[in-house]
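Each remark here refers to the structure printed beneath this line.
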Amino acid sequence: MAWFLARRAMALAITLLAASLVVFCVLEVLPGDPALLILGTGAREDTLAALRASMGLDRPAWERYLDWVGGLMTGHLANSLTYDVPVLALLAPRLAVSGPLALMALTLAVALAVPLGVLAAARRGRATDTAVMGLSQLGVAVPNFWLGLLLVLVFAVGLRWLPAGGFPGWEAGAGPALAALALPTVALALPQAAILARVTRSAVLEVLGEDYMRTARAKGLSHAEALWRHGLRNALIPVVTIMGLQFSFLLAGTIIIETVFTLPGVGRLIVQAIGQRDLVVVRDLVVLLAATVGVVNFLVDLSYAVLDPRLRQGGAGGRDA
Amino acid sequence: MREPPERRDRRRGLGPAGWFGAAVALAVLATAALSLVWTPHDPSVMAVAEKLRGPSATHPLGTDHFGRDTLSQLMAGARVSIAVSLIAVGLGAGLGVPLGLLAAARRGWVDEAVMRFNDLAFAFPVLLTAVLITALLGPGAVNAILAIALFNIPVFARVTRGAALGIWTRPFIQAARLAGRGRVRISLDHVLPNIGGTLIVQGTIQVALAILAEAGLSYLGLGSQPPDISWGRMLNESQTFLFLAPRLALLPGLAIVVTVLGLNLLGDALRDRLDPRLGRPREDA
Amino acid sequence: MSPTASRPTARNLGSALVALVVAAACTVTATLADPRPARAAPPDSIVLGMVLEPPHLDPTAGAAGAIDEVVYANVFEGLTRIAHDGTVLPGLAQRWDVSDDGLVYTFHLRRDVLFHDGTAFTADDAVFSLQRAIDTDSVNAQKGLFAAIDSAVALDGYTLIVALSHPQALLPFNLGWGDAVMVAPESADTNRTAPVGTGPFRFVRWVQGDRVELDAFPDYWGEAPALKAATVRFIPDPAAAVAGLMAGDVDAFPNMPAPESLPALEADPRFTVSVGTTEGETILAMNHRRPPLDDIRVRRAIAHAIDRRALIDGAMFGYGTPIGSHFAPHHPAAVDLTSLSAHDPERAKALLAEAGIAPGSLTLTLHLPPPSYARRGGEIIAAQLAEVGITAKVIPVEWAQWLDQVFRGHDYDLSIVSHTEPLDIDIYERGDDYYFGYENPDFEAVMADLRVTTDTAARAALYGRAQRLLAEDAVNGFLFQLPKTGVWDARLRGLWTNSPIQANDLTGVSWTE
């Protein structure tokens, strides 16, 4: 187990280092001068040069790369080129929007999908099953940003129940803040829920056919008890796998949903920073995102061990089968 | 493993949902092909005086903000959406499948390198890759293809590797090994044909995902650009008319939903028929 | 398992799960039903919508119009100020005298002005502000405004002497720009994130990506504004802008991003729709370095190929005034020259033939920056050029790429852009340095005359001549003046209808009822 953990951590570190190199090189060759973008068409060359020097852009690339990576390791991040505040200060309020949004969407998706998936499996072939599966097929096919547009049309403009976009900030109170996140959460969650419901159903169906389920039933457990005690835990493995894989989709989804609902989140910050050639913000955020995805995949691997007793005993077990 | 009985039944045909999916996929392909030679109106000809008209005899689905015929645009849009998705998935499979085969055949450090590359590629969400590529090369359908293809490489590499590893444990492969066949030959002659079903199923799903991705990118203004028409592009252009002509936002969205739905139904039916094992969790997937 | 045994248990399990789902749904509904806060009940605050978020809030260190749209006249003030009608009014300088040779300006400053941090505004602050703008390491985006200034000294606490190297009739106007506002030495370096000015509103906070909050400054020297607080929200998406207005989240959008939504809003009695003027001349820029665009016949052909009416109808939904040269039509010195480049496809084809260009043989790139006037306008112009046998290859670019490739790199054939600075006809004298690369000694002579002429009538004549030269040379395709299309709550009064500079001056804004 320890060996497995160490190897995974090593791999993650290598991935992150490669990601940092990739993103730095891409940003180096990106056309566009941040100084020109800030000062505009009326600026003189001497003014531009002065600004570039104050941004440290006149130093050689390798020096800036080493500075950056060194800063990342020691926790010293540079200031945003456009906003001139530390990247972390810029990021914190954005995370306070994107984080809850992604978590709420994931929670809602699981809360809808797992019960519905189990229900559909338990009622396999009946009307309930057909209805749940039909809805989930539809859910998978709906682009989340389009769903967002529809929700705005109905609930913000039509019924006027909820704001059409924007975020009042948590300091405005949990009520208004949650109200602002309600429609984006639903728009993000429903397509996710559709995928998870399908995975849950097929996983439960597989489990229902396993020998140990019959053993459990033979020991006198009711169908529901057997499913609950033995089935669900095993059925959760593929569900967790898919959740892990979907996480990067969820991150991407936040980018586009934040645009639809004009939420000041991490996704829009990245898109905006690329547009403004705020190289400092872009490179830090990209590495942060890559790290997040890496850590989540790592956690998914760990959760196998927790969920599957066979894997727990056999260490890294199935990974290299 | 005991199979649920209904699945065994379905393996004989596609089933009604599968046939529906196949019909939708075919219809979309046919429409896209038809739009090459015929559309009710030229989809790119503007008639500003005719802008934002509701449905009528001449324009069954109305006109957009430049007075272009919406039905013709939907037909032509199918072409770009499908082309972008197919090419992107094809590129992704073309690079990902060999990588996966190689990783499964060689194991060891090659396998490790391929998997690390996968982690790296997976670490960048497709939208982020697209935004960076767009900033680098400017927006356009080609860059949308690149971004979606990049995202598809690791998907195919993983699926191929996983399925191929399963085949490598089979007795007939051992036999081929003993007969002195090389790893590359075995991969091509024995492994690839045996995982073809899995790949086709994955391909169908990936095309559906690619259509969604293309729509998302074009909606953000990063994908197809005028004068190209795609469903995502139509959504992008329609968003400011959401209140004036919601029809313009609803129709391309519906086209996307129906197409993706059809492809997914087809993919599921194919999976039931070709690859009953795909539903099973694979630890290395 | 027997069917009879399994069904009830399955049903139990099922109903338990249904209950779970219902519970989940209730949570969601509870969140959904949470009432949206009604718009600030006492009508002494305003929520203003803007499309672009400023990169920072220091108008003396950036070109983004969005900076001025938040802080100009609200947070920061200059020695002079530009009023809603474009006239120059006294600002922090009560009055000024000009020496007979036009080389020395004496500004008499107000004595009762405090910065928001409580320090007094004196002539020393004025000297500091001007010096900071003209210094070698200045990062002022419009350093050219101050080019004539030789020195600035404080005669006493409230008298400022500005000496010029050559007469500059426009100096009081230039000092009214956002780039020339007065700042304090103590806060100059932090103005980017926490601006400290002398205006009627002070900065409260900036939630990056969402909004800037301002509140009334109790110690303001002038008349206290009717509003006690203002929030500026950044809503980049036009659909979200309309939705925000409709849902009551935003009180006013002084520059509505989507002209197509105006008719519907106009019909709604809740809103006032105002269509005014800006200083934005929208042009089809042509790169004179690239043959055959160095041939005046080709440029004229392109000009004649453009149908401005169809362009304005299609790209701007009818809002916008055609222009025939690089000059705002509402300016008193403007001359209508649109007839020189009237829509005439036959003439265009003839001119192309004369220049030796066969129909269909000319392909030009058309770089389009992000605003919808450019992207939509570009699609229409490409279609119009196709009618005379010119293929325009549309290349959409972000601003960063536009600045790099088109503006600085001169790597383009055609581009559509709006020049929003007031009275910026002088960009045509920058010759090969400037992106369209127009060189004409006659034009440069007119500009030189203008710099030293102070008489209004004589200036108007010179401006007229300059406009005519540009139109006759068909330097660029002159398309239309960008309108200022504002939408706001019908109960609001006092928002600017025209936009002589980019600003949302809130000093005179109030609610009725």
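A, B and C label the chains in the order they appear, each numbered from 1.
Keep this in mind: a contact is a pair of C-beta atoms (placed from the backbone, for glycine too) under 8 Å apart; a residue touches a chain by one contact, two chains touch by 3 or more.
By chain, UniProt protein names: A, B = Peptide/nickel transport system permease protein; C = Peptide/nickel transport system substrate-binding protein.
Note that this is a predicted model, so its numbers are computed, not measured.
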{"item": "Of A-C and B-C, pair with higher C-beta contact tally", "value": "A-C"}
{"item": "Greatest separation from chain C - chain, by CA centre", "value": "B"}
{"item": "For chain A paired with chain B, centre-to-centre distance based on mean C-alpha positions, whole Å", "value": "21"}
{"item": "CA centroid of chain B to CA centroid of chain C, Å", "value": "42"}
{"item": "Length of the line joining the C-alpha centres of chain A and chain C, rounded to whole Å", "value": "36"}
{"item": "Multi-partner residues of chain B (at least 2 other chains)", "value": "135, 239, 242-243"}
{"item": "Touching two or more other chains - residue numbers and ranges from chain C", "value": "237, 239, 243, 246, 398, 400-401"}
{"item": "Per-residue overlap in chain A, given as positions that touch at least 2 other chains", "value": "30-32, 149, 152, 157, 259, 275"}
{"item": "Chain A - residues contacting chain C, complex", "value": "30-33, 36-44, 46-47, 50-51, 54, 82-85, 90, 93-94, 108, 111-112, 115-116, 118-119, 122-123, 128, 149, 152, 155-157, 160-169, 172, 175-176, 178-179, 182, 186, 217, 222-224, 227, 259-262, 264-265, 268-269, 272, 275-277"}
{"item": "Residues of chain B defined as touching chain C within the complex", "value": "45-46, 48-49, 51-52, 65-66, 135, 138-139, 221, 225-227, 239-244"}
{"item": "In the complex, chain C residues that touch chain A", "value": "1, 5-6, 9-10, 12-14, 16-18, 20-21, 24, 28, 31-37, 53, 55-56, 61-64, 136-144, 192-193, 207-211, 233-237, 239-240, 243-244, 246-249, 398-401, 403-405, 407-408, 421"}
{"item": "Interface residues, chain A side, partner chain B - complex", "value": "11-12, 14-16, 18-19, 22-23, 26, 29-32, 124-125, 137-138, 140-143, 145-146, 149-150, 152-153, 157, 202-203, 205-206, 208-210, 237-238, 241, 248-249, 251-252, 255-256, 259, 267, 270-271, 274-275, 286, 289-290, 293-294, 297, 304, 311, 317-321"}
{"item": "Chain C to chain B touching residues, read off their complex", "value": "237-239, 242-243, 246, 257-258, 260-261, 263-264, 310, 313-314, 370, 372, 375-376, 378-380, 382-383, 394-398, 400-401"}
